[in-house]
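Two complexes follow with chain A in common, the first pairing it with chain B and the second with chain C.
Up next is the complex of A and B:
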């Protein structure tokens, strides 16, 4: 820096502690920015009574080296995130969704079964609800205890996982519905709003009943409402009755508007009850 | 230890190697700086066990945060870490044995404005003979000198100084003012009219 370096007399006095304050202070300031003098003073101090202590500390400091210092390249996060975000997607639920979609397509095209579309529409809304049941809670996630202790646990995590479930099931089932011939049933996208509403209803109810019971109530309720009148009819035209029943529930603007209103209501209820998820399964 | 490094390798290069986990670089850094840090800490803390702990903590911290250092010379940075560690150690000590460390004199708190940056004695120091400053410093009391050292030489804040010395912040401020005034008076006595103005 300045070209000035500490004279040996100063260094010796500092090392043995005999240097007066004014000299010591100016040397200390110099050592902060002069590696050469720092090395000289340190060598002089090592020669004093502090030497053994410094040798001991040197061992301790070198032993405190962080393990695995060269960090290995970070693994790709997205697949792991998806893995963590959706216990349902990595379990039996995904094959079930594929089975429903493929089954409908095969029934329609290979077995030439005309009731494939109504059947698909009847089952489809239950699929995301089942996904929700398998997404959050002690029974669904072996790491739930750990996940529940993180700051993002609770409703936020449940919603993230629900979003993954919806992202998988909505396109798949709607696509399958498009491929399957209509045969009098409502359009392939008609189940979307009921599916969303049932999912939100399950989440909202989950705050009171727990997710498993809530999904059983909503999913089972839907299946009963759709299938019970059909099965109660004496004649055997099941698929036609199913079509009629579905048209009643999801066909037309009024029914869809009703589902939309119900979805909004459930969302509002969920927002109000959001703290219930923090205490889920604790009672 | 994986061989000795070139003696003239700069602090910056050593710290980059330490950040990557190189023990040889840490050894070289330790050999260059641990000695004077030990001496400097010893001048400020009479307990050799505390000095030892603080020095070890300092270099363990360096393992973790070597990557954060920018620039070439590491001495000032190392001292900053060591001073913080010393303050922490003092605070822990004080908490452990509060009974015996009651300060004897408690000067009135808030006895003046906070320290201002380019101070009178710093300007005065530049115009003086080297020996004069030493003589003047020796004339002021050890308590005042201690405060002067912590605030001016070690660059600590009022609060840090208070923690390091175990005195209230108000006392630090009043002592710093008194130290400046006495230093100025002592210098004026030694060299009448050093900066062309009355002290």
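Up next is the complex of A and C:
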């Protein structure tokens, strides 16, 4: 590499054909090794009368060329795409769900802890809420900058991912609840409606606060409401108090009816505020 | 025909002003977006990509107002966007990543597999299509980013620093691709590499300090460089510095 580049005069001469043969050959030799000059020459030639001819020729060749026999495009593996539908499922959240479910079962059957069911019921509603927090938004999804520019962005994508989170966590935790002895606490499925309601509440609040803050408020609010009164009682019968507290919140038809109404309200709020999701980002 | 129309666009990042009442129009072709660091290039592209909300002004793209959610969704279906930095799921292959983006862009499922292969082939990664993205080099990841941007044959293509990390040969090939894409759609390319603009763009837009500093053809910018005393090794670089200096003199007055 000499660092030499063809002067404009030489290139102009080459383009309009006025350059002597010997000079043209040496320029061509140089072009073989110098992309910068090659680019300049090709621009200069395209600017001459030869340009349109070259373009037409190229089009004609491209049009006449036999289409390469298109190899049958490989179909996509659908499960992989579904997997991608919820970043939370691939991250630390799934192990956390398994830990909660298995932990409750082990506590009950191996450690013989009588408060396993109430503890599970107290923690379970927070699990899908945490999953939602880890599913959508700049802080959670490495693809967010790209996803935000697509028509799927906003509530639709958040809901698809929430659905995956619920589909994974609801059966797992309910099953764990069934396996754990009740010891006076409400049924294994009693947490389902509260869990759904808290998730919808987090999504609805997310329109104002952003998903991360909204999930912290709803999940944290639930944990405080359940655990604070229990921890405030000094006599040490934690699991009994927890059972009582949960029976108050989720046991019985009235409480469940209340949760159902709250879920409907949150869903309605979400529908009204659906556009708030698309452009959560403000400068 | 104007496909992108920006009027009085304001973008503020907390206290600093990134774009200051910008009025611009772009039609079909390849538009080079030049400017110093912090000039507002990325801010403009992110607003046009419907990712960031402007603090003032109006943007019409493809006949739709992007402040209106319905119009925005319409625009997004026909948009391609390569951000300066983009993340991906580490376990994904090139094919899966581009296909997932096609799904997000609501492309018909029947057309997706062929469109994915075509896009990946156009950026020269056909032989790596089933390789995990995390094993690719920086320049190849950049090309995967370009592939996802063009998978839906966008009418508006926004590329923020597409040539960063590409080697010279890849850049030459990429410019060829740009010219091809510019024939049918509106392509906006932000770049620091003035040579890219000279080689591939039909128009140059220079912004500085959030304002429009210069607009013209690459040839006009080169001519400006020849006529003035701008610094630079390449005529168009001299044009760039001359235009920037002229803009700053006016702004300081």
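Here, the second predicted complex is superposed on the first by the 208 of 283 C-alpha atoms of A that agree within 3 Å, B and C clash if a C-alpha of one lies under 4 Å from a C-alpha of the other, contacts with A are read in each partner's own complex, and residues count from 1 in each chain.
Keep this in mind: a residue touches a chain if its C-beta (ideal position, glycine included) is under 8 Å from a C-beta of that chain, and two chains touch if they have at least 3 such contacts.
Just so it is clear, the structure is predicted and the values come from calculations on it, not from any experiment.
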Applying the touch criterion given at the start, work out whether A:107 contacts chain B, chain C, both or neither, answering first, second, both or neither.
neither
Taking the superposition as given, does A:203 touch the first partner, chain B, the second, chain C, both, or neither?
neither
Go through the superposed model and pick first if A:278 touches only chain B, second if only chain C, both, or neither.
second
Looking at A:147 after the superposition, I want to know if it touches chain B, chain C, both of them or none. Which is it: first, second, both, neither?
second
Where does A:39 make contact in the superposed view: on chain B (first), on chain C (second), on both, or on neither?
both
For A:87, select first, second, both or neither according to whether it touches chain B, chain C, the two together, or no partner.
second
Does chain B (first) or chain C (second) touch A:54, or do both, or does neither?
first
Looking at A:65 after the superposition, I want to know if it touches chain B, chain C, both of them or none. Which is it: first, second, both, neither?
first
Contact residues common to both interfaces of chain A (with chain B and with chain C)
35, 39, 43, 70
For the complex, which residues does chain B have touching chain A?
1, 7, 10-11, 20-23, 26-27, 30-36, 38-40, 42-43, 48, 52, 55-56, 59-60, 63-64, 73-76, 79, 130, 133-134, 137-138, 145, 149, 152-153
Give every residue of chain C touching chain A within the complex, in rising order.
11-14, 18, 49-53, 55, 69, 72-73, 76-77, 79, 81, 83, 85-89, 91-92, 95-96, 99-101, 103-106, 112-114, 116-117, 148, 168-169, 172, 199
Residue numbers on chain A that touch chain B, as the complex places them
14-15, 17, 20-25, 28-29, 31-35, 38-39, 41-46, 50, 53-54, 57-58, 60-62, 64-66, 69-70
Tell me, which parts of chain A touch chain C in their complex?
35, 39, 43, 70-71, 73-77, 80-81, 84, 87, 90, 141-153, 157, 275, 278-279, 281-283
